[in-house]
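As written, the chains take the letters A, B, C and D, and residue 1 is the first residue of each chain.
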């Protein structure tokens, strides 16, 4: 149809979509899950290489796909984390298969879906056309819904049903917002693909009708905000995280939330570009703070370890939204930094949690004790992960929270106080949990479990490294994007 | 010969999209499941007609495809499937609404007011048809959501969801020459089709005796 | 100069990594602690050299590629940093020496070294780097790093009951303090983010902003130092760590916190109103009294010492508050005097508190028990430790001619000069604080009579105490090194005051009269006719008198005989060691006098009926009001909020959809007016 | 020349203090006995006691440590040193500059510190009881004494004792309201520190009421003699301090002739005797207090002292 016609000649950028698509096709046909998981890893790695290639040589943007400073780093991050996750899920699935929680057929299905997920997320990030981005986000939702329900336990089906209902309503709202944008753009810019192309919209934002933009932004905010997991549209997130396979939880927290936020930020940039429309900052600040407080308060009274950390994701997404809502070079910088660091840390934590849950055979925190004694490596990695997620040095999140809190307090003291209050509430819950999980007299199964440790070592290593020193080019580029966000 | 008059086409288009809103009200009012499904079929049929008309008016041939999808899937296939499920699970009982129909209708009226209030100033610069189309689309959208949150039953919730999707397609068809409409409508249909049929219902039939999502709601352990 | 500091600190970081790498290797403990000892000793020499003026006037600075490229790690070593570096590395050296000996024969109850060795050097390194940090990011980074490494050290014997709670409270309070400091630096850095200390010094802070920074610094740094009512973490966390780590936490880390307070309030922050100094003064007085009274109620040796840390921090803050008020009123010389007193007490306290903690560590190792009620008679079994502990006790009780007396004497002299302050409120506050200081000094003496008498004197109250063993040579060497320092500084305080004078000149622009070192024998704070003190003269007098006495007794009473027999005790039959006074019975009069009011101490005595052989029992309930008034309500509020919000987590999908819908409609209605 | 005279005076004072102290104790005992219609011991009984004690053999508990044996030395020497620093009959002493009031109080404090330790060393219940009570009393008396010191030093603008004496002498300080307040405080402190009635009864042998006596129960022979001597020197010291601070008249100064010095000695002894007699009368008139009533008494003294200090700060030395 029109889309394929307009895509034009094959470029490196297309491989970001073609590789996963082909891999998915192959994986559906591969019966053996070992071979499948290897192919999964290989194709994810190829996707990562391709992403780096795109990073190196930017293709010409057209109305459908484009690359700029903002989305390319998310693409690289996405493909990197999907690569490590695929490696992790290989060992994870092996264990699941031994314990018989997953049949071979579903393992095959899992791998195919995993590639589809990468495909849709890459598409969502790379697409220049809002419509195409919407399709991609919707596809990503579908695949993850299926993944979440893959265990077919009653709880899993509940979770994915909830996930489906909430997110599909949300993206429908987002679609209406997109339609409205196109509507006003088609009046001034003229109908056709250009009127949906994000680059065009950003450049001609001042031509658009501010009133339409306001309504459109409200719809987009509620729609994509749900994907981000902002309160009060967050309800799908904990269930989806806690019931699905752990690699999927890692991808959800590490990547899918970012994709939602990315879409949201694009809309924000259009609104900001048009001078007359309402300022979206206060809305994002308010919702961000509410999500932060809510998430950190919800950490209490949890018994399921994955659910605990999924609420922590809500908290951090709130923090990032708050940062972008504050705006300004420092706050945006902090937001971008926090986005990356949170993705790496949280996915690493979910890796650890997956190991732990498999070792102990339960997600009930009351049954997990003294990991640093019984399983030193996993236990200490958990300690590092939780310290990092609490924003304590030497983790990169300390850097971002330092910037955010200091700059916010000098601008809006009250907001900063609420912010720190939320962070302290979270700290006050995560630390006793960490004590119980990692220290004390060990409980439960004490046998070691053979697992792929290197992905989470890699993640945490990156986080700690960033906390110690951010390379000059990376940082300069962060600053550039921050300036871009306005 | 009659349909050659563009003015008349606009009138009819206007009428049809307005009637979609009215049918949405009817959906909201319906308290019997079979009737709900039939009403939805009508809703989808109207959508197909509107989109086809828009395709004719805007000379956008892609829209014909969208119209066809709407009619074939939403107006025929899905209602049949739903009827099948009802018969299979023997759900010929009335739906217990969460709130009384009267109250629901009142809320619906309120939503119409909201839609008009929000959309009217938005569309002052554009022609009447687009204005009406967008307003009606938004009404259908909001009523669909209202239906989703006033029903307990999975089927009716899905029906509500599909009706709000009809509203979306209505809006997309209304604005001139929106690209990717076909892709998006396909995506929406796939959304409904694959999820509603492919996944949930079979699983749910595996697990639960009925479709009442009270089974699907609680978080399990309250002590979380 | 600064280069050596940085090299040393990073060498210590490397040692931490090495400890992880070589954890299987048996002698790793010796390597790590030996390395720390060497590095710390080097740092001591380095800091003394800086304070002695070697290497020119301008403080050396360095910029390392650390943190963020546009905010690289700035480091600077001025007199203040150098002095606190001296304190930190001196403590580090002696404690490492103790640990070196201790790690060779770990007791049965000791936590496994693998949980201590990696974090011990990190802890030292972070404390070193905090004092030389020269921008907000570096300062907070290492400040927090200090908290985390010590938190992990507290958790090192994690199997012990209650330690996790201690560690939690500790990290929580550290987090609160870090938040406050983040705010303070945010205020001083401004929205553009001028995070280097030079920029903050250069910036002209408004009156309100300066006060805000002061309050935040008091919460952040003061809380870390342990001022009332932010002290609650200290008596929990310090004793839970291994003894040598407790020594570092109490002796050095609290001093780093004091450094943070001085750096912010005296150096970076703008001019403060007069009442800020008054507030610090009063908080110091209250802290001193509360700390020592709580210490008296305590019969866990290490907790007792921890509470005394609170007391001494109070004394230090009294000095700081005085310095602030004097500085505000333009009395630079008096400000210098007060500040010098505070800084000297910083030095002294770090010395004798480390000494007491490692001595208690030796006791703990020997008897395997922290509870004083199970000790006794250790002076016979471990004479060296007993002597060292005695000197430490005398020093902390501010008895001449030991060092504790000198610093408290200086602070008292500063207080007595407070008559010149024009503000009427201060005219009332200063004498009250002086009274508090006098009271706390006297109570400290009482407390250490109790501690020393119960633990080291009398007869052993348990089998473990009865066959305790003297600790090893390294530990004894460390103890006697610090005991020697206690005596040396007490007898000749002028040299160390000459070093401190550099820092006071930096901050107050004036110098203390007696600090030039011209008058090495007499310590003359203000003027010769005002007051003067010479520990040496006092020591000489005492020695002369003792010598004369000894001669008299030796020659005149040379025929005297000495006979050993059962104790007299008014003829009562000596049943068992249990008839001795216990720590709690010793403290009973004080408990009745002070505890009842300050700590709501309640005693419940249950005596069995006549003929009932069951033993009588006394239960004492001590409540720290800070918990009841400050922390418990907050915790309850959070719990309540969590429970309330939790109700929304178990509703049906329909409701979640309704939330979303409501949000949408609400936002639409909000924007409508602007259309 | 000045050095020689100063050192001579210093030596003379050091010896005189030891020489006179037992006499003062004897005097007080004698006067009390007289007031109680007893014949009482001879005036020199205290000297006889010391001599007899120093001849007796020393009986010590088996598990007494080296600390126990060194306590009498330490206590005696520190009190003696303190006594050497107080201007008694002359304000020009060799070690005058070391005569800082705060240091003086601290020196007495260390004497108490070691005594308490010594009483705990044997590990008997009475020893512990004595130490506990003594320290409790001291924990209130010492701050009270410091309040006195503060008031005086603010008034005189110095903590340097001879100078303070000079100032007080020249300004008739005794009329100052703060000075009057601290006279009361000083009396209370002196009673408490010297274990006199109503705080403690030096003559008691009822174990449950003993404080100071309970501390030294285990000592015998010349150790006990030393401790007795310490106690009486302390009394002399306090009386001299009192006279130096509040009645500093008739003291010789730096450039005064031998005659004046002798006169000063005479006046000083007269003051001591007067003080002793007053103390005896006072002790006879009142009864000993219960232990926990003491906190009210000494605490009251402490608060009075604080009040006087505050007055000093607020009004200065008018």
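Heads up, the rule we're going with is that a contact is a pair of C-beta atoms (placed from the backbone, for glycine too) under 8 Å apart; a residue touches a chain by one contact, two chains touch by 3 or more.
All values reported here derive from a predicted model rather than from experimental measurement.
J.: Suppose chain C were not there; which sets of chains would still be joined by touching?
T.: Minus chain C, contact groups: A, B | D.
J.: Quick check: which two chains are joined by the most contacting C-beta pairs?
T.: C-D
J.: I'd like to verify one number: the distance from the centre of chain B to the centre of chain D, where each centre is the average of its C-alpha atoms, in whole angstrom.
T.: Distance between chain centres: 101 Å.
J.: Could you state the distance in Å from the CA-based centre of chain A to that of chain B?
T.: 31
J.: Please work out the Cα centroid separation of chain A and chain D, and write it as a whole number of Å.
T.: 79
J.: Centre to centre, by mean C-alpha position, how many angstrom separate chain B and chain C?
T.: So the centroids are 70 Å from each other.
J.: Among all residues of chain B, which ones touch two or more of the remaining chains?
T.: 118, 121-122, 145, 148, 157, 213, 216-217, 219, 224 - these are the residues of chain B that touch more than one other chain.
J.: Which residue numbers or ranges of chain D touch two or more of the other chains?
T.: none
J.: Where in chain A do residues touch two or more other chains at once?
T.: In chain A, 161-162, 165, 169, 173, 211, 215, 301 touch at least two other chains.
J.: So which chains end up touching which?
T.: In this structure, the chains touch in these pairs: A-B, A-C, B-C, C-D.
J.: Quick check on the complex: what are the chain C residues that touch chain A?
T.: 65-70, 136-137, 140-142, 144-145, 147-148, 155, 158-159, 164, 167-168, 171-172, 175-176, 179, 182-183, 185-187, 189-191, 193, 195, 638-639, 641-643, 645-646, 649, 653, 656-657, 659-660, 662-664, 667-668, 671, 674-675
J.: Quick one: in the complex, what on chain A touches chain C?
T.: 161-162, 165-166, 169-170, 173, 211, 214-215, 218-219, 221-222, 226, 232-233, 235-236, 238, 278, 283, 294, 297-301, 328, 330, 372, 387, 392-394, 398-399, 402-403, 405-411, 413, 416-417, 420, 423-425, 427-428, 431-432, 435-436, 439-441, 468-472, 475-476, 479
J.: Taking the touch rule as given, give the residues of chain B at its contact with chain C in the complex, in rising order.
T.: Touching chain C: residues 98, 111, 114, 117-118, 121-122, 142, 145-146, 148-152, 157, 213-214, 216-219, 222, 224 of chain B.
J.: Going by the contact rule at the top, pick out the chain B residues touching chain A in the complex.
T.: Within the complex, chain B contacts chain A at residues 62, 118-119, 121-122, 125-126, 130, 134, 137-138, 141, 145, 148, 157, 161, 164-165, 167-168, 171-172, 175-180, 182-184, 187-188, 190-191, 194-195, 199-200, 203-204, 206-207, 213, 216-217, 219-221, 223-224.
J.: Within the complex, which stretch of chain A touches chain B?
T.: Chain A reaches chain B through residues 1-3, 129, 131-132, 134-135, 138-139, 142, 145-146, 149, 152, 154-155, 157-158, 160-162, 164-165, 168-169, 172-173, 175-176, 179-180, 182-184, 186-187, 191-193, 196, 209, 211-212, 215, 239, 301-304, 307.
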